[in-house]
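Here subunit A shows up in two complexes: once beside subunit B, once beside subunit C.
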Partner chain A sequence: MRFATRLVPPLLVVAAVMFAAAPFVIDTAPYESSMGLIQRIFYFHVPVGIVMLVSGLVCGVASAVYLFRRSPVADYLAVAAAELSVVFGLIVLATGPLWARKAWGVWWDWDARLTSTVVMWMVFAAYLLLRRFGGPGSEVLSAAVGLFGMVLSPFVYWSVNFWRTLHPKTSVLPTLPSPMLGPMLFCLAAFFVLYVALLFLRARLASAQAALEQAYLSVED
Partner chain B sequence: MVRKIRTWLAVSMLVVLSCAAVGAQQKPTPNEFTPMSAEEQASEVLPATPFVFTAYAIVWLVLIGYVFVLWRRVSKVERELLDVNARLTGPGSRP
Partner chain C sequence: MKDVLRAAWLIAQKDLRVEARSRELIYTTIFFAMACVLIFAFAFVRDGRPIEHAPAGILWVAIVFSGTLALARAFERERQSETLRALLLAPSERAAVYLGKLFAVLILLAAVEALLVPIVGLLFQAPLLRAPWLLAGLLASGTIGFAAVGTLFAAMLVRAQSRDVLLPVVLYPLTVPVIIGGLQGTAFIFAAEPNFDMARLWLSMLVFFDAVFVTLALWTFAPVMTE
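Showing the complex of A and B:
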C-alpha cells in the first residue's frame, strides 16, 4: 500500500502532461463525416466511459476478495473504485447529452445504453451512501452491492449490440481509422494513468480513515 | 329553469369564444412548402463549438476539483491521525 501511494505524485504529473498535450493530439484527428466538430467529444467521452466500466470491475473484484478473505486492502480498493466509478460516471453522463443534443437533436433518450449507464451509476452511488451512513458492518453489505455493480459493467458495454439504440455500437472502436484511433488511445492512456493515481490516493485515504478510527477506539479504551 | 338555460348558454359561449381565440393564435397550416433562406438556415443549425467546449470544461473541472478535494481529505485525515497517535504515545498516555 505504501509503495502504491508513493507512485501517486509521479503518476499525477504524467497524467497532467498527457492532458496538456491531449488537445494538440486530438487536433491531428480528422473530422467525422456525418457529425463534424461535435464528434471531438468522443476523445474524452469514450475513454472516461471505459474507465468507468473498468472501475466497476475493479470494485467488484476487490469486493469479492474482501467477502472471501476479509482483506482490509481489498476493502480500501473497493471503496476507492466505487467512488471513482461515480466521479467518472458523472463525467460520462454530463458529456454524453452535450454530444447527443447536437448529433441526435435530443439531450437524452431512454435507450438501453443510456439507461443502463444511469442504473450502474446509481448502484455505485448507493454503495457510497451505504458506506457513509450504513454504520458498523456496512462493509459486507456494500461489498455485495459492489459485486452487483460489477455484473452491470459488461451489460452496459454490450447493451448497444442487444437492443436497437441511438447510441453507436461497440463495432465503432475496432473499425476506427488510424488517424482517429491514435488520439483516442492517447486519451485512453491519459485517463488510465490518472485513474490509477486516483485509485491509489483514494485507497490511501480509506486506509488512513480506518487507522484513525482504530486510534480513536484506543484513546477511548 | 330559464336561469339554468342562461347559465349553460353563457358557459357554452365562453368555451366557443376561447376555442376561437386559441385557433386565431395558431399559425395557418401551409398549403405549400417554401425553401428557407440561407440566413434563416444558418440560424437553424445548432453550432457545435459551445457543446465541445462545455464538454471539455466539465471533464477538466470535475477532475481537477476531485483531485483537489481528495488531496485535502487525505491531508486532513493524516494530520488528525498524527495528533491522535501523539496523544496515545505522549507523556500523559497510559501504557
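Showing the complex of A and C:
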C-alpha cells in the first residue's frame, strides 16, 4: 500500500504531461471524411470506455478477494475501482451522446453497446449506493454486488446484444487506419496512467478512513 | 447433498406454513401486481385495445415489481421476529438456508403468477393458449433467475439500513439478462405473427442464465451471511 502511494505523484505528473500533449498528438491524425471534427471525441471517448471496463474488472476481482479472504486492502481497492468506474462511466455516457447527436441525429439510441454500458454503470452506482447507505457491514454486501457485476457483465452484454440484433440496424463502426490508431493508443495510455494514480490515491483514502474509524472505536472503548 | 436438500425443504415448509397461516404476502403481492396492471392499462391502451407488444411487457413488469415486494417481505419476517440468527445457526450448510428461502419464494411467486397471468390475458387479449407449455417454461425459468439473485440480495440486505430502497436498486441492473429473456420470449409468443423458434431460443438461454445465477448465488451466500 505504501509503495503504491509513493507511485501516485510521478504517475500524476506523467498523466498531466500526456494530457497536455494529447491535443497535439490528436491533431496529427487525419480528419475522418464524413464526420470531420466531431469524430475526434473518439480519442477520449473510446479510451475512457476501455478504462471503465478495466475498472469494473478490478472492482470485481478485488470484491471476490475481499469476500473470500477478508483482506482489507482488497476492499479499499474495490471501493476505489467502483467509484472510478462510475466517474469514467459518466464521462463515457456524456461524450457518447455528444457524438451521437451529430452522427446519428439523436442523443440516445437503445443500441446494444449503449444499453449494456448504462446497465453496467448502474451496477457500480448500486455498489456505491449500497456502501453509502447500507449502514454497518455494507462493505461485505457491496463486495457481493461487485462480484456479481463482474461475472454478469458478459451475460448483460450478450443478452442486450441479442435483444438488439433481432432488430437489425446500421451501426457506425469505423475501421481504424494507422494514423488514427497512434493517437488513440496515446490517449488510452494517458487515461490508464491517470486511472492507476487515482485508484491508488482513492484506495489510500479508504485505508486512512478505516484507520480513523478504528482509532475512534479504540478511544470509545 | 441429500441432507442439504432435505434441510432446504424443511426451511421452505416452515416459511410456507407461516405464510399459509397469515396469508399476508400472497394477498398483498397479488393486489400490488393488480395495481401495477391497472396503471399500465392507462399507459398502454389506445382506443380500448392494448398497443402492440404491451401485454408481454405489462406481465413481466408486474412480475418483477411484485416479486421484489415478496422477496423483501420474506426476509423482513425473519428480522421482525429476530429468527435470522437462529436460522443461520441451524446445524446444516448455509446453502440449505438459501435454497429453502428460494423454494418458498418460488412457490409463492408461482401462486401469484397463476392468478396474474390469466388476468393479464383476459384484460389485454393476450393469446395465453397459443403455446401454453412454452409460456409456462419462460415464466418458470425467468422467475427462477430473478428469484435466485433476489433471494441472495434480500437475505444480505436484511440487516442493512434503507433496505427497502436498496433491494430494487441492486436487483434490477443485475437481473437484466433474465428480464430481457422472459420479456422477449413472451413477446414472440404474443406477437401478431408468433415466432416459436425465437421463443424457444430465449427459453434455452434463460435456463442457462438460471444455472449461472443459482451457482453464483450458492457460492456467495455463505461468505456474505457470516457475522
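Brief remarks on what is shown
The working rule: the second predicted complex is superposed on the first by the 197 of 221 C-alpha atoms of A that agree within 3 Å, B and C clash if a C-alpha of one lies under 4 Å from a C-alpha of the other, contacts with A are read in each partner's own complex, and residues count from 1 in each chain.
The working rule: a residue touches a chain if its C-beta (ideal position, glycine included) is under 8 Å from a C-beta of that chain, and two chains touch if they have at least 3 such contacts.
Since the structure is predicted, the reported quantities are computational estimates derived from the model, not experimental observations.
Contacts of A:Val123 after superposition on the shared chain: subunit C is touched, whereas subunit B is not.
Contacts of A:Lys102 after superposition on the shared chain: subunit B is touched, whereas subunit C is not. In the superposed model, A:Ala144 lies in contact with subunit C only, and not with subunit B. After overlaying the two complexes on the shared chain, residue contacts for A:Leu67 are found with subunit C alone; subunit B is out of touch. When the two structures are aligned on the shared chain, A:Phe133 is found in touch with subunit C, with no touch to subunit B. When both complexes are overlaid on chain A, the residue A:Leu7 reaches neither subunit B nor subunit C. Using the contact criterion defined above for the overlaid structures, shared-chain residue A:Ala21 touches neither subunit B nor subunit C, since it reaches no partner. The residues of subunit C lying in touch with subunit A in their complex are 149, 152-153, 156-157, 159-162, 165-166, 169-170, 172-174, 176-177, 180-181, 184, 198, 205, 209, 212, 216, 220, 223-224.
Partner subunit A is touched in their complex by these residues of subunit B: 46, 48-49, 51-52, 54-56, 58-60, 62-63, 66-67, 70-71, 73-74, 77-78, 80-81, 84-85, 87-88.
By the touch rule above, subunit A contacts subunit B in their complex via residues 12, 19, 23, 36-38, 40-41, 44-45, 48, 87, 90-91, 94-95, 98-99, 101-102, 194, 198, 201-202, 204-205, 208-209, 211-212, 215-216, 218-219. The touching residues of subunit A, when paired with subunit C in their complex, are 67-68, 119-120, 122-123, 126, 129-130, 133-135, 137-138, 140-141, 143-145, 147-149, 151-152, 155-156, 158-160, 162-163, 166.
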